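Structures for review follow.
Okay, so subunit A shows up in both of these, paired with subunit B first and subunit C after.
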Partner chain A sequence: MQAGLSVVGASLLVWAMMPLAPGDPVNMILAARRIEEPTLEQIAALRAQLGTDLPLWQQYLVWLRGVLTGDFGFSWRTGQPVMAEIAARLPATLRLVGTGLAISVVWSLALALVAARWVGRWPDRLVLAYTRMMAALPSFVLALLVMQFVVVGMGLGRVLSGGAGMTLVIAAMVIGIDRAAGWTQLLRAGLLAQMAQGHADVARARGASEGRILTRQALPGAALPFLTAVGISIGGLIGGSPVIEVIFTWPGLGEHVLMALSVRDVPVIQAFVLLAVLAYVGASLLIDLAALWLDPRLRGQGAQT
Partner chain B sequence: MLSPLFARRRLLAAFGLSLTCALPLQAQSDHPGLRIATSFTIGSMNPWEDGFWMQEFGQAELLMQFRDDGQHHPWLLESLTNTDPLTWVLTLRDGLSFQNGKVVDAAAVVAAIEAAREHSSAAQGAVPDDATFSVTGPLEITLTTTAPWPEVPGVLADEAVFLILDADAVASVDEDWPALVGAGIYTGPYEVTALTDQAMTATAYDGYWQGTPALPALTVSFVADPNARILAVQNDEADIALYPPLAARPAVDATPGVHFNIGALGTGGFIGFMNVKTGVMADVDVRRAVLHAVDYREIADDVFRGGLGQATSFYAANLPFALENYGTDPEAAAMMLDAAGWAAGPDGMRSKDGARLEITLAIYPQQPDLVPLSTAVQAQLARAGIDVNVVSFDGINDALLAPDTRWDLAIVSSGTAGYGKVQTFLDAYLLPGARRNYGGYDNAEINATVQALATEADPDARLAMLHRIQTILWDEDPYAFAFNIHKGRVIVNDRYACYQPGYALYHVSWQTAPCE
Partner chain C sequence: MIRLTAGGAWPRTRTAASDGLLAALWQHRQGRAGLLLMLALVLLAVLGPALLPHDPNLPNYAKTLAAPSAEHWLGTDATGRDQLARLADGAHRSLGGAALVMALVFGVGLIVGVVAAVAGGLLDIVLMRIVDVMMALPGLIFAFAVLGLLGPGYLNLLFALAVADWAYYARLARATALDAAARPHVEAARMMGRAPWQVLIAHILPAVAWQLAVLATLGMGGMIAAISAFSFLGLGVQVPHAEWGAMLADSRFYFTIAPWLLIAPAALIFAAVLASNQLGEALRDITTPEGRS
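And then the complex of A and B:
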């Protein structure tokens, strides 16, 4: 229910970009098609096709119907169907974001376990200092530094990525390292809380090692808030990837979306925002299901509410 | 008008020039392929929508070429002759062939022209409906019109109008555009062998009519991020980066192995338009004062460090019809404002009848260079006692034309003489009711002169008309003026340190090669 409301609310907000945007979309699309002096028939035909002469509520319904059938209209910049342009670039973005997500989860898991295992000692302090620094560093700054000093300076990877190879690893690491900072702190706190619980004391009394208690007892309990944070971040990961993609010349949605933003190509922006929202909603649903699977007590709560 | 004798002399001169200073120093096999990084993506092999890119990177050619001497030179043509006001004779060079081996003769060229007129909206807009292209000899085409059409050389030199291509081969793919990769439909020195959404590659066409291309191949990578394009040159992944931001120049100058090269004056610039319908700009003295208060040298040399050319007239100084009538004269500006009743107050700012002399300067965010330019203009006009408020509009064209938008002066990047053609700009921006007459300009003499210019074939008469238009726009009834003249700019590595930005977007010729 909540997910459905989120999607409907987001769709209204996203659609509103169209009537609020300056300029006539018909002129922009015709200009993008290099028709600088359109005939009245050309203008009328495109206006009817876009539905821009309908009342606003009808425009919304027409737009929504198009969206539900995968039709986001035409790019104001290129004059081409928005969905085709996005579909061509989406796989590369998903590859980068997916790799970045995997790196982020593994990296934050490793750091949080190290910090919790040696809490208060130098490994913990080192991890805390590192995560605070990385959390304060904007990802695009990290990306520019990596591009300048790692790719150009050390000769690892290529500036013109071509969509594969070492650049995928480096760009995904930038995304992963950036996201891992906050997740590490969250997971570390969860692990420490679990380690202070009674069941951990019982395990200690039975002679279990701290490492075993950490991985077998504390980690499952701390995983739920960690997974929730990961799920919430997926929309942000997709939404934030364009800048990283452009810096690393990754052939995903990045350049297309940033270009759309710079020239106010509203249909492309709309499609991208909805894509990020759907990713967020989908990931949240998956996380909720995972939570029910991990913690059977939640199933009862769900039934009561 | 180009006589055959004159055309031959130009051809000989061009040939001599090529022998003395531009021949590749090594055979093509000795050079690695050229790698270019550009900001724009070549979307498809559709010749009617994306074909113009092919002229820029050495795949396609035109009948005429517009060069930095401000003249039109025969390219695939041997000569272009205006035999009478309604007739042009186009004579092709002998020995031309498409990259697929087919002969380029008059029939093939007419087929290409007619295909463009049928499918290309740019060609449809540029060519009168009643113009007819007829084959009158194996290598001769006769163009007839019902009214004089003096801009034929410029139209034939415009990359968006008539690319010379194998029309039969294009028709045979039935809009399956990827099938044109490797089909050799053009005549240029490099044939497209691959096109993706990341890069275009092309290899040398050994049968090229001017000689063996200097390079074995070239790759044009599409890289939106200007910083990435610069780093690609720095990291030896590209030889030439196109369209670098001027702001990058100090950093590039301080980096070994890369060079920021500035080219010749272009055919456009940041053009100022004044709102003559309403507000203070309705007063011709204020408009004239603004023209004299702007410091054109400071904009070019100090604000943009030579990255933009100084405006010395409405047109670039290398164009044969450009006057040299611009000048900065703060004292004259002050006298004009005094005469108009705008008195300077204790703070130096002027007012009349209790109202301050304020203007709203409209810019737009898609041109980052307008931020420093508008700041400079703000400071320059403040020295004359004019208070400037800068406002940025999305969709500047629609905003300026909207009746409820408040603006007095607008800056728009525009070509005033693209490919040496002046009529397009004059028709669209200066005539009453024209689609981009932002400020409601309506000068009877300008209107009559622009309309007469469209069909005036006599060069001397055209020159006099263009001089008169420039004089009116500066001295008598100002409306549109150039803040600067654009220049091409590129970033290159050491191998291409001598490379100069292509004029009229002609980036790669058959002789483009490393400097050593």
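And then the complex of A and C:
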């Protein structure tokens, strides 16, 4: 219900970009396509295609109906259908973001478990110092340094990737390492909070080793806030991928979105923004389901209401 | 909805951290490190342009990509401009821009959040629904949308980042205001007959401002990173103006012959985000001692 309301509100906001865009869209389209002296027929044809003569609420409904059937109109810059252009590039972006996400989850899990197992001792201090450093290094700066030192300097991967295998690993590792910093801190704190609770003491009294308590008792309890943070960040990952893609010349949405931004190609930007919103809302729903599976107490509540 | 009325007089109370904030930060290990690092960067921004002899935007084609030397401490870029002068000049846009955005979202968040909490009722519901919608647009995605609407440019970028970020502050401001209003000493102030606006100014606003200041300091690093990332992509600061992210973009293709051109701005971005994060974490520890990690 809440999520549905947010999506409707978000769609309204995203749609509003069209009428809010300063200047006549027809002029912007002509400018984006670098047509300097349009004929009257060209202008009339564009107006009919845009449907800007309709009242606003009708424009919104027409737009919404299109969006629901996957039709975002045509790119102001290229004149091609927005959806076709995005569909051609989306798989590469999803491959990169998905691999990055997986690396990030595994890496933060490993670091947090090590830190929590030897809390206060040198492995913990090392992990904390490392996460502080990484949290201060923006992903695009890390990507640039890796590009120069690893790809150019050591000859791993290719500068002009075209989506090649080694570049995927390197670029995904940049995304993964960047995201893992915050998640490691979060998961470590969650694990420590769980280790201090009564059920961990009971397990201790029954002679379980600290390592076993950590993985069997603390980890399931600390997993939910961790997963929630992972889910929330998926929209941000897609939003942050253009800059990484541009640095690694990854053939995903990045370059396309940047071109759209620099010439104010509104339909393409609308599609990109809605895509990220859908990924975010979808991930939130998945996390809610995962919560039911992880925490039996929530199931009871669901049955009562 | 906050109740602000009752009768009597009550001495103005102080929030725990309002005395000697600098001293408290200095006592905190991370706080001291962050304070010193941030001070160094601010000095670079403030004193650099006045003390450095070179014009950051004046090209010198006789001396392009020069290595660091006594005259050009950090070398010159591809058009012969002094790199150190550009770093100092760029600090205004990277650091100053982030501070400006934080001040903006602090102000808007404070006003929207406190108005929603005090007014209650329909206004509260409407404002919070708007906040919900904004928060469904994850991270910087909405900044993309606003930037796409306005077109590339530095002020457009700052505006877009502020629009994308204010909702989190409004949400926290409202929650803090409601929480503060329910505290015993505020209850007491109300019963003693302080006027509603007095309760608001003496008790509610300071609590809200503290919470928002912590959040803003914690968010400052991300804002510096965002400004430099968008400028790196050519969507923020425009030529010929210097900004750390834009300087990274300018220097990346000369890395094999002039690696220092890339490393210096990267190091400054790192230092600025690190300093903000350290300050933010220290501030959070000071204001909520039980949350220490």
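Descriptive notes on the structure:
What we mean here is this: the second predicted complex is superposed on the first by the 284 of 305 C-alpha atoms of A that agree within 3 Å, B and C clash if a C-alpha of one lies under 4 Å from a C-alpha of the other, contacts with A are read in each partner's own complex, and residues count from 1 in each chain.
Following the convention adopted for this analysis, a contact is a pair of C-beta atoms (placed from the backbone, for glycine too) under 8 Å apart; a residue touches a chain by one contact, two chains touch by 3 or more.
If you're wondering where the values come from, they're calculated on a predicted model, not measured in any experiment.
In the superposition on chain A, contact is made by A:249 with subunit B only, not with subunit C. Using the contact criterion defined above for the overlaid structures, shared-chain residue A:240 touches subunit C, although it does not reach subunit B.
By the touch criterion defined above, A:136 reaches subunit C but does not reach subunit B.
Contact with subunit C, but none with subunit B, is seen for A:281 once the two complexes are overlaid on the shared chain. In the superposition on chain A, A:259 makes contact with subunit B only, not with subunit C.
Legend: residue contacts after superposition of the two complexes on their common chain; A:148 is shown touching both subunit B and subunit C. In the superposition on chain A, contact is made by A:78 with subunit B only, not with subunit C. Looking at the shared chain after the overlay, A:269 reaches subunit C, while subunit B stays out of its contact range.
Comparing subunit B with subunit C, more residues of subunit A are touched by C. Within the superposed three-chain model, A:205 lies out of touch with both subunit B and subunit C [touch as defined at top]. Subunit A uses residues 21-22, 144, 147-148, 152, 246, 258, 262, 264 to touch subunit B in one structure and subunit C in the other. Only residues 21-24, 27-28, 33-37, 78, 80, 88-89, 144, 147-148, 151-152, 155, 158-160, 162-163, 246-249, 251, 255, 258-259, 262-264 of subunit A touch subunit B when the two sit together in their complex.
Those residues of subunit C lying in contact with subunit A across their complex are 129-130, 132-133, 135-142, 144-145, 147-152, 221, 225, 228-229, 232-235, 245, 248, 252, 255-256, 259, 262, 266, 269-271, 273-274, 277-278, 293. Looking at the complex, you find that subunit B touches subunit A at residues 37, 43, 49, 121-122, 125, 160, 197-198, 221, 223-225, 227-228, 231-232, 234-235, 237-238, 365-366, 393-395, 398-399, 435. Looking at the complex, you find that subunit A touches subunit C at residues 2-3, 5-7, 9-10, 12-14, 17, 20-22, 132-133, 135-141, 144-145, 147-148, 152, 185, 189, 232-236, 238-240, 242-243, 246, 257-258, 260-262, 264-266, 269-270, 272-273, 276-277, 280-281.
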